[in-house]
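Next, two complexes with subunit A in common: one pairs it with subunit B, the other with subunit C.
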Partner chain A sequence: MSKTETPLDERAPDVFQSEKRERLKEFKSSMLNIVKSRRNFKDFLFHIILGIGIIIIIMPFFLVLYQVASVGFGELFSNGFDSFSNFFLTEPGRGLMGGIRNAFFGTIFLIILASAVGIPLSVFGAVYINEYTRPGRIRDMVEFTSDVLAGIPSIVFGAFGFAFLVGFLGLGMGLLSGSLTLAFMMIPTVLRTTQEALRAVPMSLREASLALGATKWSTTWNVTMRAAFPGVITGVLLAIGRVMGETAPLIFTSGNSLTTPTEIVGPGSWVASMPYTIWSYITDPRQYLNIKAHATAVALMTMVLAIDIVANIISRKVTRRLV
Partner chain B sequence: MNQEADSTSMNTMDEKPKHLMTMILEKLKRPFIEFRDADTPGRIDFFGRIGLAIPALASTLVIILILTFLWYESAPIFTSPEGGPGIIIGPTWDPNRNLYGIGVFIAGSLACAAIAIGLAVPLGIGGAIFLSEYCPNRLRVPLRMIVEMMAAIPSIVYGLWALLVIVPFIEKSFAPAVQNNILFSWMPWFQGSTNGLSVLAGGLILTIMLLPTVVAISNDALQSVPMNLREASYALGATRSETARRIVMSAALPGIGAAVVLSLGRAVGETMAVLMVTGNSLQVPYSLFDPTYVMTSIITNQLGYAFIFPLWRSALFAVGLILLIMSIFFTITAKILIRWGMKTRGYV
Partner chain C sequence: MSTQEYTNVIEVENLSTWFGSCKILKEISCYFEDNSVTAIMGPSGCGKSTFLRTLNRLNDLVPSFRQKGIVRFMGENIYGQGASVYDLRKRIGMVFQKPNPFPMSIYDNIAYGPKLHGLNDKDELDKLVEGSLKKAALWDEVKDELDKPGPNLSGGQQQRLCIARALSVNPPVLLMDEPVSSLDPISASKIEELITDLKKDYTIILVTHNVQQAFRVSDQAAFLYLGELVEFDRTKRILEAPADERTEAFITGRIG
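So, the complex of A and B:
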């Protein structure tokens, strides 16, 4: 019995050895190939240089993450969970010693209002030009203007909001002006991703619905939009993540405040935001404010990256389902 | 009598070709008649059609409003004797003496953008080639995700990092290392003492912020090159690098060009990070270690004080208008490149 098994046991390492030897041979032959011809050597060199290039490209991500997170999390969790919740739930108070409740809730209010204006505008717009118009001048115009809108520097949006919303319309600085400016910035992202999502919905779905006697309206909202919904959500999340970190448009439109806003328009509506708070804290000479800026930055970054990852996962799931 | 008159008029209407006005009237009337005859879902459909048309024009309306208001606000400086169109190349910015030359900011912006483009474009295209041609499959998804996440990091966080890491690095390590080295110390672009806040710091942080854009757009362009072009090249015995450089790159050239132009637009328009690290000093940079002032920073720093002085305020809006025109120009160039690609290659 044992006699029949021992050869197997002995052979087993032999199998691995031969596999190893084969791999080594392969490696050797590939190395030989590289040395043998100049073209192969060039190819190898190109490969190595590009590999180093991609490492250089992604390195700043980890450097930024390390710098901000090491200081920021140290401040956030200096006293366990209490200091974490205190940081978000107390007002700055005297000497800005407290938390960032004003900026945290300010950002949330700004985003909610901006989404309430910007998302319907851009989603309805995308539905109209994709479902109701033929390819032609109107569609080209809307696509072109939204591409231009996507390329406009954020400070120009800020200056425009200052001239138009604050000055011309007389809204004054505050929650409404700031969030309308952000809403304008959301339009191109949401519009283009919604359009992509609608374009990916197969025509046969629409035709089936129309053949059953449904109107265009109910076809669009009950059939097409339901199929395109994950793509639309992706665009919305990407846009929210983008405007959440914008500072420049808010400097002249939303003002700044040490408390949460009490009204939407008027003197009580001045509102702080997390990016603006990072800026004013990091340019302040007081050391503890610099640390608070790190903590705010890590909180903002966590929120933005979480939104981005969720959007990524949704879009990956969707593409897999459609393909 | 009446009946006869009616019938004759009917006859004439039938014989004559329809008058233009009646055709227009009928066209105008038709929706109302349809609406009268429709049931409830039909009426909802009718209102929906009109209701959706308004948001579709929102982006166009916003662009027109931005152009109008920036023009309206910057008109005083372009028409007043102190200003005029010459301010675009005017080198002196001193609102106290009514000198509003914004050439210095344009020079600063272009210097920062040039450094950033010069570093980010070769590196970014290389990264895109690696991702699409060389990358092992199990590394591709995480690398793409990291690049996408880099694009999502707020610019203020990059600015914070640059202020705390890049600026001290330039002051303490890079500048002494370069200026004490006999190989580099004679070069004119490495002259001058520095506290780290410099055009080089601005260019470096811009490079880092542009890289995700360049990589993502060029990678899309490379991936859209048909596989059979690559296979044909391999079949002829070309190595992978030759295929990537000669075949794939040239096939994807319009898309890569669009990536470069779009990232140039981002480089000129980036605000917070550059504002924090370029030093904001009113001078044209002659060396990499000189501080400078870029177009976006001057608006951010001074609009808050300037809005009660009409000329000063309007000069700042003129800077904004120039930024806007530049970004529109870059977008149009990218579109033309993409159209060129569609025409010559059939894909982008």
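So, the complex of A and C:
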């Protein structure tokens, strides 16, 4: 390299400057263009409108989060980890001054039991209608019913649960009736997402398995379900997230309790849940219960969010591993 | 299936098939010799794939499928009473037009077939996976990454994986449905080489619409046109001196 050449690092800022100037010029001319031509202006306007639309779409989430967290965070973290663990691990006690242990574990029990009934039922149902029946009347009917089921208001599920499970089957209010009602609510989501996932599995994959001498069952279980797994798990977790926040189906079916349930059926099985607790605390005139309701809401939202994130991670990891 | 006396591994007699009321194959009779490559040629929609899928009864999946006539595999009618479709498909492997590896690791892709048929010994499986991959000329490329997902391989590798998968249950006959039509020329020539190699141990029935390919790899050829078997003879004879003008038109590219 000869000495007369300018070293690179000294020349660099200048190049950068000129590039900056160049960009500014470009920006100016593009702005001018917008004003100059009617078509460009329309294009620009549409861009702005869409942008505003997006802001309106995402705003409610942050508004809700802010509103709930601004009141509830104090209750959860006023005293560091102690107040946090106390909130979840002590029972309401006298005057409901304590934590929400009853509702926290109640929700967990309800979800576990509801999932144990609802998920296998809907997944196997979807497998049956997609893999074992031909397109036709039966398939149409099952799909139609499950779509209608998805549109039924949750309070109607509650009323049905009360009339059928609590009354007609004589299960009484409690954990089992509440869970089964939630399980009914999970069916449409899980069934339809499983169906979609199965439909997305290419036919040639099934044929490859059958051509090796596999039975239909082992093809469905080892190949088709495996390929559809990310879609299925996403549907399952979405359904869990959805029923986790349901109040209405539980009002007439699960009862309420200040302690965690000791039975599955019977008087000891009455169970509180987080959404129900939010509702009853927030309609209470006592100010401190209002705050507790917000804290519960923060906790519930975090749990649902966590499930969604887990759903994402699992489906992505599995997708990477398998496909 | 019991072992009966037979001269050719697969013999087809007066085979006709229908989808609904639409007749796809019309009274086809031919045979496939042991350790040979037979090319089934013909323009699109002439029933090549249907014919191939009739041989391993994969068409049974289509509810409206019907067939008449006899297909003898090792001397036994595969559509006869008491014939086990699972046993048949185990003994007639198939490779598809588009590579379709299972969404599993390379190892599991190969081990899937043997496991289905009751092989669970880890050492045996390892040996079988290695052997199958070697036969499919894929072992050197993937021996260090057997736990990687099969679908992550390149298109040509995927197709060789599918061939290895088909070979894993050690079928005497291998059906190939246009195995190279979705691959690049280099991968395609690798697979053609492979077909020539495999001929030593397997009977290969290859569907193709590529005349040059048929000429390069096959011993016998069958020319199908609108469901009819127009010619069936040594490939060389058909391509050098076609007896029927439809065959000639196809070879010279006037139909296809």
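Convention: the second predicted complex is superposed on the first by the 300 of 323 C-alpha atoms of A that agree within 3 Å, B and C clash if a C-alpha of one lies under 4 Å from a C-alpha of the other, contacts with A are read in each partner's own complex, and residues count from 1 in each chain.
Rule of thumb we're sticking to: contacts are C-beta pairs under 8 Å (C-beta built on N, C-alpha and C of every residue); 3 or more make two chains touch, one makes a residue touch a chain.
Treat the numbers as computed from the prediction; the structure is a model and nothing was measured.
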{"item": "Fit or clash - subunit C, subunit B, common subunit A", "value": "fit"}
{"item": "Three-chain overlay, vertex subunit A: subunit B-subunit C angle, C-alpha, nearest 10 degrees", "value": "90"}
{"item": "Partner chain(s) touched by A:226 [first = subunit B, second = subunit C, both, neither]", "value": "second"}
{"item": "Contacts of A:187 with subunit B and subunit C, given as first, second, both or neither", "value": "first"}
{"item": "First (subunit B), second (subunit C), both or neither touched by A:46", "value": "first"}
{"item": "Which superposed partner A:154 touches (first subunit B, second subunit C, both, neither)", "value": "first"}
{"item": "Which of subunit B and subunit C A:287 touches, first, second, both or neither", "value": "neither"}
{"item": "Partner chain(s) touched by A:202 [first = subunit B, second = subunit C, both, neither]", "value": "second"}
{"item": "Subunit B versus subunit C as contact partner of A:218, first or second or both or neither", "value": "both"}
{"item": "Residue contacts on subunit A - larger count, subunit B or subunit C", "value": "B"}
{"item": "Least Cα gap, in Å, left between subunit B and subunit C after the two complexes are fitted on chain A", "value": "9"}
{"item": "Footprint overlap on subunit A, comparing subunit B with subunit C", "value": "214-215, 218"}
{"item": "Of subunit C, residues touching subunit A in the complex", "value": "56, 58, 61, 63, 86-91, 93-94, 96, 98, 100, 102-104, 112-113, 116-117, 149, 151, 162, 165-166, 168-169"}
{"item": "List of subunit A residues in touch with subunit B within their complex", "value": "39-40, 42-43, 46-47, 49-51, 53-54, 56-58, 60-61, 63-64, 67-68, 120-129, 132-133, 138, 141-142, 144-160, 162-164, 168, 184, 187-188, 191, 214-218, 220, 241-242, 244-248, 251-252, 275, 278-279, 282-283, 293-294, 297, 300-301, 304-305, 307-309, 312"}
{"item": "Complex contact set, residues of subunit B against subunit A", "value": "41-42, 44-45, 48-49, 51-53, 55-60, 62-63, 65-66, 69-70, 72-73, 123-124, 126-127, 129-131, 134-135, 143, 145-150, 152-161, 163-165, 208, 211, 215, 239-242, 244-245, 262, 265-266, 268-272, 276, 296, 299-300, 303-304, 307, 316-317, 320, 323-324, 327-328, 330-331, 335"}
{"item": "Residues of subunit A touching subunit C in the complex", "value": "134, 202, 204-205, 207-215, 218, 222-223, 226-227, 320-323"}
